[in-house]
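So, here come the structures, one by one.
Both of the next two complexes hold chain A, though its partner changes from chain B to chain C.
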Partner chain A sequence: MTHWMDWRALPRAGVVAAALLILVPPFLPGWILFVLTKAMFMFIAVMGVSVLLRGGLLTFGHALYYATGAYAVGFCIKWLGVRELLFLIPLGALAGFIMAALVGIVMARYREVFFAMLNLAFSMMLFGALLKLYWITGGTDGLAIGTATLAGIALPGDSYGYYYFALTMVGIVTLVVYRFMASPAGYFLRAMYDNEIRIEYSGVAVRQVVYRTYLLAGTLGGVAGVLAAFTIGHIVPEDAFWIQSGEFVFVALLGVFGGVPGPMLGALVFEFLQTYASKYFPLAWQMMMGIIMLLIILFQPGGLWAIYQRIEARITGKDRGGDHH
Partner chain B sequence: MVAADDLNIDVENGELVGIVGANGSGKTTFLNLITGYLKPESGRILVMGQDTTDLAPRELAKRGVARSFQIPQLYTNMTVLEGVLLSLAATAGESSNFWRPLHRDPWEPEAWEILNRFGLESYANRPVSELPEGGRKLLDIALSFALKPTLLVMDEPTSGVSIEDKFQVMDTLIAVLREGDITTIFVEHDMDVVQRYGKRVLVFDTGRVVADGEPESVLAQPEVRRAVLGHE
Partner chain C sequence: MNLLTIIVFDAINYAATLFLLSVGLTVVFGVMRILNVSHGGIYALGAYMGTWLALLVLEVDLPPVLTYAMLLLGALIVGFLLGPIIERLLLRRIYGSDMHIQLLLTFSILLILDDSMKLIWGMEPLFISEPYSMLGRFKVGGIIYPWYDFVLVGVSVVFGGALVWMVRATRFGKLVIAVIHDREVSRAIGINVNLVFTVAFTVGALAAALGGAFVAPKIAVVPQFALEVVVLAFAVIAIGGMGSIEGAAIGAVIVSFARALAIHLAPELELMVVYLIMILVLVIRPEGLFGEAELRRI
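Up next is the complex of A and B:
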């Protein structure tokens, strides 16, 4: 059986896709670059949802961490005037980590629907706070973010430089998640999906398995929030809203939540789908997305990645052995 | 209903103790008590002289108490090898290591050696779901064995195993356990298995131990046969 966290399982198409993401953007129009950059931070946020799903933990509140990262940037700009990515990315990661460390104390005790809905409850609490504390957060108007700097050099959110910075972050996140999932901690997470009793009888606390995964997911959410803030240039309480969390779950399921390539494919397809759906069906684009999700769940529960695997198997005559559930 | 009552049992280091009794006689309750799944209303449980009465299963596992289950508790979405590697990682206290890979030295060779001992090496890289029932039983015990326990508790190691395979499963198990000098307590319905492999047998009836001694003499007693089999 080939494991999705095995480097050898990275398909040739993955290498080709990485090469394309590096080489092609300079030749693309600006609007595509913007969509690609959005896909980068979407991927990072979705990786958080995806690792949790690997342990059977579905969250409808991951926007909590995304908004935490985004507002960490907002407050830093508002109060300190700091726009430096080399400072704000670690800050966003730390903010997500601390929020996850606090909320995770509660969440580690719950599973299944309780885990999903409690996460939702926490994210909605943050949404409410961001909405009501308008003298700090700007309320429904949100906060303007403006342009980031990298080592002192201005890096507009729609620039090639910013895109490559986001792509670099994607590379780092990919490495971290691969290492995590191939480590004992990652395997115990997968084991949790299988058999919590056996884990406890092995001398390992299941709650700790949940907690440390939650920390990782929260940290990734924070990083995604920082990137999103500068890409979009404006942050609003809706960043913590349940629809945002739903989008993360949507993308995780669209790709296939188990691996790294799946969420990347899901994030890219989602951003382009959203762009085109809102262009051609401006009043019904959400319905279009819903129909696509329905079709995926009914006919392709392995997500887009499973479609790729089938095509690859047909071409090479080899079955990789899907690793999704 | 009292499931376990007035139990006073001493087990020596390295001893192999079989437990028999009719359904509902308190055998599994006894196992659940000594492995931390249940807490007694009164009394104490000592392992290697240390009071373990109030410890949770994971704390007991850290103190060398491991168990297998009547229905094997396995990681069904992993390979056989990965399951054993996880036990070794847990024993090494590296369950929270999130950077170094699970598949590495010295765990990997050690896991292969354990699978060899249990006769499971040919299944090493196959999903657990592909194991036959006897193999699942052996793997359940191998996962506990990989925790390097001083006390291993097995709940019906041959239940669900075919009549042809049960002695082979037990032969493999006993050889491994003797080699490791592991104190073993096992519950078994099959009198043949207890007679053949146990050095000492405890007979449970309505939550109490009604006989304790060498299998041949104990299992020959008419009241024991009545309690266990329902007839003499």
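Up next is the complex of A and C:
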């Protein structure tokens, strides 16, 4: 069995991916850059879902943290007029962290169905609040975000500069997640997937492990929300809606067993898929997601990453073995 | 005093709706240990199909009484068609899988159902008022109530009673209970477990479709209410205890009273209050009011 944080997998997939993401965009047309930027924050949000999933914890409500980050930016701009990314990114992370610290107190007690559905319930509560408290949140109209500044310099959401800023955040998030997965909590999290009670009998406070993972996931959600707010330029209550959470789960499922490169592959595929689907089949986008999810669950449990590994094994002529738990 | 009457009547009406909505979910979970997220999709499809057939009846100038039959027919078509198809073709493949795989599978079915409805019936709301208005109204304490609401209460009591009777008093019910307690032993002594699963899931789907079809005349059927509905149903059965029919009834009553109180006393809290109760119940008694605590197995 290969290690989840397979460092041998990194040199090839990770380095190639990083090089492509750094070098290619200046040669791409603007609309592709926009899609790539969207893939960056999608990746950061999905990392949270993905890390939880590695412990067997599925959440249908991760949009809670995404919207928390996005609205933290919204309120900051509305009341303080602050658009500085160097301030708002830590703020979004903190907002996600605090939200996760509160919700996590309840959530750390639950697993499986309850974990998934309670998360959903919390995110629906936030959605309801964002919708109903319109004098604060702007209701269904949402809030306009406008252009961010980086160290005082304007950085439009569709600019190359903003893309590279988002890419830098992806790099930082990747390092943090690697660090976490290599920590004792990360190891216990993976062991929990196989048998939680045995982990507990060996003297580990499983709730602590879940709580810490949850904090990490919430914080990542907050960061993703900040980046998303400036990329799209507008935030709405739907950012907390279940369809948003469903998209995170979908992308996580596409790449769940690929460590960090897996979700990146998933996020890129997702964003391009969505761009084309919303153009050609606007009403059938969810159906497409559903069908792809069904096919993955029934026939390809390793997601896109397993397909990639098989192709790679064929090219290099050696089988490195799958990484399906 | 008047306000109290209103709250009680509202709560009873809403409890019936909630019970019809959630009883199928609890039956499926009780027998199969799968939380069927697509339940909301089946519910919505029942609502669409029933409403659409009933509108068809009105369009060709048949007597409007037939709309009731059409609501029922729509629910039966959806339940008997979707139930076995979903169970046989899809769920059967993942009985041994992890819980999150099962959840994801039913979630993807929900996504597919949700969009199919949009593709078939469009984005415009579908609305039929005849079944609702035909029964007339009556007055309690100066407030006018439609009879239809009380028909709905009757339907849910009869349906719930029939389910409890089926589980408690029939041979099939005993087989179901055996399967719930131990699938492998049941199979070993010759119970057709696959059949029990198919029947249980079909009953669940039928309950969802019936609920959707008969609640539809009270509301406008719009796209994308499928998942909100399943969250609400989950709250109800989590409060009552997952897998318990009586629990679903109690959960429905508690949630509807809380909601009625909130609507009349603090309207902003309408949505919140349901989830607050759920969280409160789960924190104090994680298995729900009527649920049995599960043994932890190594």
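What we mean here is this: the second predicted complex is superposed on the first by the 318 of 325 C-alpha atoms of A that agree within 3 Å, B and C clash if a C-alpha of one lies under 4 Å from a C-alpha of the other, contacts with A are read in each partner's own complex, and residues count from 1 in each chain.
The criterion applied here is as follows: a contact is a pair of C-beta atoms (placed from the backbone, for glycine too) under 8 Å apart; a residue touches a chain by one contact, two chains touch by 3 or more.
None of the values given here were measured: they were computed from a predicted structure.
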If we overlay the two complexes on their shared chain A, which of chain B and chain C does A:194 touch? Say first, second, both or neither.
first
- request: Determine, under the contact definition given at the top, whether A:109 touches first (chain B), second (chain C), both, or neither.
  value: second
### Query
For A:23, is the partner it touches chain B (first), chain C (second), both, or none of the two (neither)?
neither
### Task
Figure out whether A:204 sits in contact with chain B (first) or chain C (second), or with both, or with neither.
first
| Touch check for A:212: first (chain B), second (chain C), both, or neither? | first
The chain contacting more residues of chain A, comparing chain B with chain C, is C
One more residue to check, A:185. First (chain B), second (chain C), both or neither? first
Which of the two partners, first being chain B and second being chain C, lies in contact with A:117: first, second, both, or neither?
second
Partner chain in contact with A:287 - chain B first, chain C second, else both or neither
second
Chain A contact set shared between chain B and chain C covers 195, 197-198, 201
Touching chain B in the complex, chain A uses residues 1, 179-180, 182-188, 190-191, 193-195, 197-198, 200-205, 208-209, 212, 216, 325
In the complex, the residues of chain A that touch chain C are 53, 56-58, 60, 106, 109-114, 116-118, 120-122, 124-125, 128-129, 132-133, 195, 197-198, 201, 242-243, 246, 249, 253, 283-287, 289-291, 293-294, 297-298, 301
The chain B residues in contact with chain A across the complex are 35, 56-59, 61-62, 66-67, 69, 73-79, 82, 85-87, 89-91, 94-103, 125-127, 143-144, 147
Chain C contacts chain A in the complex at 35, 37, 90, 93-94, 98-101, 103-105, 107-112, 114-116, 118-119, 123, 227-228, 231, 234-235, 238, 242, 268, 271-272, 275, 278-279, 282-283, 286, 296-298
